[in-house]
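Input: one structure, supplied below.
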Amino acid sequence: MKDFAYHKAPDLKSVQQLLTEFAEHALPVAGGSNVMVDIRNGRLNDRELIGISDIAELQGLRFSRGKIIIGAATKISEIAVSQLLAAKAPALWMAAQVFADPIIRNSATVGGNLAYASPAADLAPPLLALNADLLLLKKGGKRKLPLADFFLGVNHTALEPGELIASVEFAANARSAFYKLGLRNAMAISIATAAAAVKRVRDGSISEIRLAMGSVAPRPVRCLHAEQFLLGKQALHIDPEALAQALVWDISPIDDIRASAVYRRAMAPVLMQRAIARACGGCADEVFAGKKSADEGRAGA
Amino acid sequence: MGSRILLSDFAYLAPTTLAEALQILAEKQAVKILAGGTDLLLRMKLGTISHVDYVMDIKHIKELNYACLCDEKQCGSTANGAFCIGPTATLNQIAKNGDLSRLFPAQREAILAMAATSVRNRGTMAGNICNASPVADSAIPAICYGAALTLQSRRGKRIVALEDFFRGPGETELEKDEMLVNIALPVPPADSGAAFIKKSRVKPDIAKISLGVFIERDGTLIKRCRIAMGSVAPLPLYVQKISEGLAGLEMNEQLIAKTAQMVKAALKPISDLRTNQEYRRAISSVLVEEGLRLAWRNAGGELK
Amino acid sequence: MTTLKSSNFRLVGERVPRHDAWAKAKGEQLYSADWALPGMLHGKVLRSKYPAAILRAIDTSRAKALPGVRAVLTAADVPHNRDVTKFGQMRDVGAGFEGLYKVLAEVGGKIRFKGEAIALVAADSEELAERACALIEVDYEPQEGVFDPREAILDNAYLVSSEDASNVIMRTRVEQGDLEQAWEKCHLIVENDYYTSPHEHAYLETESGSGWPDENGGITLRVGTQVLEHYRTIAKVLGLPHTKLRNMSVPMGGGFGGKEDITVETYLALLVKATGKPVKMVWSREESIEAHSKRHPMYLHYKTGVDRDGFILAQEVSIVMDGGGHTYLTPWVQMYATINGSGCYNIANLRCESVSAFTNNTFSSANRGFGVPQVNFCYERQMDCIARRLGISPYELRRKNLLRNGDPLATGFVPLGHVALDQLLQQTWDKLNQTPKPERLPDGRKVGRGIACGMMGYGRLCFLHDISRIGIRIELDGSVTLRAGVPDLGGGQSSVLAQIVAEELGLGIEDVRPLIMDTHMTPLCGTTTATRQLYMSGNACLAAVQPLKERLARKAAAIIRDNQWPQNPATGYIWRPDIEHILGHLVFADKKIYYGPDPGKNVDFVAVVAHVSNEGGELFSEGQFNAPFTEVPDLNNIKGQILPDMTYTCHGVEVAVDEATGDYQVLRIVAAIDCGKAVNRNSVEGQLEGGTAYNLGWLREDLAWEQGITRANSFATYLIPTAADVPDIETIIVESRGGLGPYGAKGVGEPSDNSIAPAIVNAIADATGLEFNTPLIKPETLYLALQNERN
Amino acid sequence: MSGTLQISLKINGESRVLHTAAHSSLLNLLRDNGYFDVKCGCEQGDCGACTVLLDGIAVKSCVILAMNCDGHEVRTIKGLGGHDRLTSRLQKAFVEHGAIQCGFCTPGMIIAAGDYLRHDGRADREQIRRAMSGNLCRCTGYQKIIDAVYEVAAELESEVCG
Amino acid sequence: MSKHLIHLTVNGKEHELTVASNELLLNVLRDRLYLTGSKYGCGVGDCGACSILHGDESVLSCLVLAVEADGWDITTVEGLADGDQLNPVQQAFLDNSAVQCGFCVPGMVITSTALLRENDDPSEAEIKDYLRGNYCRCTGYVAMIKSVMDAAAKMRGE
């Protein structure tokens, strides 16, 4: 028999208290789109559910001194309509645009997407590319952890028992973008995703770059080799073969119901190239109409 | 007020010991004792009972459920023992008891004349008595047999004769903190007899008029006689003066006729939805005559 | 007031809001699962874990011991665990069309597909029922199984069924002319192998319903179904007379053929009988996908020969159909596929052979199109291959070969209705090519355009002797009660009947109230399958309303004649025409009955009703319509009329292909159909748009079958088109008045999802040069094909 | 899904005190208490038939934890119909455009459309298609649904800046 | 209003219910357990239509607080038959067409069953006396009395 308990956590103090008290058994629930499905299919059982959807401190999106701070319980719909993010962190904004569907975005949260740590978590690659840090809260203390060190494996993170993601923080970066390949235009768990944050010098060559991909490894990954390879290269004229070779070290795709490993490996450079192109804000036409992020037009308007 | 639901808002208490029950009666206000409930719940539904805050169910007090011949220790009654009835003993439980049927035939008859099986499976004699209806069928023969009630409160016990227990319709000797804990029917002497007659519109209905007679015979003389009647006065009536007047007299038809007329003259019945006072007065003498004859015969006497 | 002619319609042809639309918009419509009865138990089915196995033993003791469990049933508890599958036909047809129907798997017998029902549980809560199922111990002896029909028909193949000697369900053939001789004359012969993938209905409402015991041993069900007549089979299974198993059915949240077989009804009835309590059963989405029918996967071989000018001289088709674990409607679907194998073209020499076989995959049965979309995909792909090889336009090749009025079908029978194929092709091609086709989109994607025609029957197989009955009662306030057992799965089946009656009696649709879908309280209209309801029940409506209309008209004529002609002031004489004259000019409109030439002379509808009622005239009528009756043809050489008539379609499509990722998107769709007469314009367009999106989805929806296991068994993995995946659909509605239905209407439900799938794949071929021989094209498929072509 | 936890929330304007299980979804809570206008098609956040308003925002009630809604407000289509002018206009448009066939997706579809019109609402067919992409429909092919929402969006736009 | 958790065994099925102190057993059986066989006829113990079996005794469920019935083993009319097999009294009522409107029959059959458990050879008078608390307005009781006689005989194996 499914036995769960429920505890309402109206504020940070109470959620920390509850998380410490129940440790591994504790399961914070803000939106619930992943948790509820796992409860229904039996993957989750006898847990202490902790309702954190009403904690004000975990909500909201702030921009101060070049830094963007997003509360873990912030709804993804807020990200998708934020003019601030469209300008200051287009990678995250684009990902939010194509996240599941508008109704799910009204309840799914940023922290929930990251904490569930699906290899296909759409918000992870852009945040990795934006070099985001997580603020993790625990009774009697908090710590900052780079997102890159947060994902350990499929549905496996560095969260210690009693710990909660409070917020995610990253420096604004207008030159960032995201590209998703899915089987349909909504509610499609990604076949593969790519995010890029690019800084170019006057002659167009890449001076600083961060790349990340989803659905191509047990966890969302930074593509360090590809980054190394691209330093100094022309952002808009990348040799796809060479990029593919570099990416071989970064990704380890598998066959699943959505696509084969071969296809994912072949798509990696293609998506990466498009993400970089978008990040450079270069050739608009390169941004395929079908896959163009939904509101991009509006963002500009 | 309809009979579909109980509108009154009360707490239900279920003490498991008599001490607990008596404490409740002492401390709380507006407590109603629930035994069978066939009267209490009915009157609560129809709103004829005023404000009730607590309903105290005494059926969980095991020690109160008995109906048997018992020795002195248990109920402190007269020398040669008595048939004792606990407050939660149901009417059918009492009527089915062998000793009672043997020693108190009129009592059994009165009980079986009450309502119907399903009611008697729940209703209690104590409840019937405490309900203090002028027509309490079970009280009429009990008065004749000289029943004695034990009333108890935290302050102590006291014994009250059944005929002195009633003060008026629905009114009894019970103090606020007291409850009836025992009914003792003294075992009648050898050559004695009793009778119970009930007239009602339909069998299960409450009596239009009822009569109980108990005679202790000494040869052809009436050693002791007790006559009681229901539904002829504000309370079950023990016709004391006339009954005591018969002591020592020769039993014969003239005495029977004279007594009947005396009783008839003494009565001041009322009219109600069951019948009118003229009928009650007219019938009363007929019942007395019949009752005396029957009781005398049951006492082994003959009539010329 | 100009003269009123009875020929111009008031409601027919308009965009009439359906009578049940408001209830559905307000959320008041209660479906099969929207019902709770006091003390209701919850039913669950224990389903086989293996696609192929021998059922050695079942131990239900631990399940029965679980507190709160009220019944655990296996095949041994079913009075008649075996019967034959029937689909509302009025007589047994034989010739293999009635396959075995086994309620629960029997110990000692074979499990035939993963998900086959083994045991039933009823418990106080859904969770308890679920746990009880888990406590039932089943001793399986897994078997190798067979998952490809082409292997299944071989002699040494694994036998799927423990009740049959061979896996072959049925063989059939249609033949015309002299093929061997025709091949010599061919300038070009194109041969291709095709595979059409299984296709899930994915109606939004999963199978569900409830049932409860009646006072005197009867059982009433409340289960939405496309075939009310299943009550006969269920009664037999329970050992009850037909009178004691009633389905007080309700509209469905979609059916598409998937609710044509029995779903929850028998299980509910058995659990109600066992517990004597109301029982409710609702299948989860996963259970629905694994446990109900699919569109038949087919392996087809097409060999088509054309002469130098592009006229088709010969076509040879051979089809192997995957019937899955049980027979159900496979033989019936096979008939449709075989007689439609050579398509909507005038081909003198043709042969189409088909064989269907059991496999250990989920069983196949009806799915919108009933076997025709599969063959339609193939022959329309053949046409494009031929056109490309001959170097002529696909439009031109089709225009040369399309069937026209008077041309015989493959079975030699000349269709009774109008054939509008050339008109549809022309209008679609013109609309598709209104604007010049760009080579590429600004974002670099390659553009392609494609076109395809389609032909599909409406009305059931004629040898079923199909009928429909409707009851109409005119109320004394002038409103009308329409009683019809018409199962409404969302196609507006009941609403169109109300519209027809309203049209005939000059009322508004809101004045006619359809009471529908009760096996014993409404006359049976036959099944809602085979796109037959408008044709069959529409005509039955006319048959029912006609006598009433005449009775009212005759009374109205009398009233008008006697009271509404002026007196000659001079002579005091009143000239009055005779009744017959007036009768000829009466018009029913706006709740009145008018004398056409002088509309001033009229009488209120309700007044006429009062008069008729006053004189004891009958205000009730029941009408029946019979389809053409034939006998079961020789299955080795199918000849004659198989279906009442055909409906023709054409789809034009423009796609954009992202060559780098293989992802393609449909930019434009032109959908054309000859509906004979659009009784409710919104509904015709709705079917055409819905059918188009339904089989547009066929190209992306992958059940991912693997050795009989359905890997994509949820809405997270089985992806149907969302609103963002379907472009605007430009519809072309041709009204040839050449249908057999009321006002010359044709059926459009199933025909609507033909020709769209091949049109898209033809467009992809136009964009990329790649010839795909299956509708299932995922981005990966297209990408890998592009890669192969490059190397 | 009965249970022992007490939950109090406002449903369609009426304060309700109900009982549920710790892990029950808002959808189960609603349907177990007779709100049959909220439909269930997949129970995992894909089909959108269970869409309701939670504190005025459209959510898929099958993936919302019921207990998280304690003290909050829920509106189902039946609680919006008479009450909310925008919903009534959408209902009328859906009926008139023939955007309703089997009707199983309609309650969720109308609530999703209302959510879009209340927040973004531009009369742009592509935009509307993306807004409705969380609500699956198998009967209509979406065409007339988009027409209906477009019509109301256009009316609103003309009213706003008309 | 105090609330009480009670356990009832009704027709063999256990129930755990929270009842208000003023809730009557008849209403709990009808409105909470949906056993609508027991009927409300008068609410004051006169008509017998609400009779149920408490163990082997016939009791008027309209004059019993639900909380009093905690722990009872109750049989209602729905529990008398064993599947399709009616109990002898029910069968006799059918055979003697003692059922007209049928509203009193649940109470009548329950009380008769109690009688036959108490007395396997009741005289006509005894039956009449025993059933005097069960009103019937349609049949005039004749066929019912005969039915109880027949049932008694059958149960004695005659």
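Letters A, B, C, D and E mark the chains as written, and numbering starts fresh at 1 in each.
We adopt the following convention: a residue touches a chain if its C-beta (ideal position, glycine included) is under 8 Å from a C-beta of that chain, and two chains touch if they have at least 3 such contacts.
Everything numeric here is computed off the predicted structure, so don't read it as measured data.
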Contacting subunit A as well as subunit E are chains C
Intersection of contact partners for subunit B and subunit E = none
Of C-E and A-C, pair with higher C-beta contact tally = A-C
Chain at the geometric heart of the assembly (C-alpha centres) = D
By mean C-alpha coordinates, which chain is most distant from subunit B?
-> A
The distance between the C-alpha centres of subunit B and subunit C, rounded to whole Å, is 81
Once you find the CA centre of subunit C and the CA centre of subunit E, what distance in Å lies between them?
-> 53
CA centroid of subunit B to CA centroid of subunit D, Å | 70
Centre-to-centre distance between subunit D and subunit C (centres being mean Cα positions), rounded to whole Å = 29
Any chance you could list the residues of subunit C touching two or more other chains?
-> 127, 716, 721-725
Can you tell me which residues of subunit A touch two or more of the remaining chains?
-> 2, 37, 101, 185-187
State which pairs of chains touch, listing all of them.
-> A-C, A-D, B-E, C-D, C-E
Subunit A to subunit C touching residues, read off their complex = 1-2, 37, 101, 181, 183-189, 191, 257-260, 262-263, 266-267, 270-271, 285-292
Okay, in this complex, where on subunit D does subunit C touch?
-> 1-2, 34, 36-44, 46-47, 49, 76-78, 81, 91, 94-98, 100-107, 110, 125, 128-130, 132-146
Across the complex, what residues on subunit E touch subunit C?
-> 14, 33-34, 83-84
Subunit A - residues contacting subunit D, complex | 2, 4-6, 8, 29, 31-33, 35-37, 39-40, 49, 51, 53-54, 77, 81, 100-104, 106-107, 185-187, 294, 298
Partner subunit B, residues of subunit E touching it in the complex | 1-2, 4, 21-24, 27, 40, 42-46, 48, 51, 54, 57-60, 62-65, 67-68, 111, 114-115, 129-130, 132-134
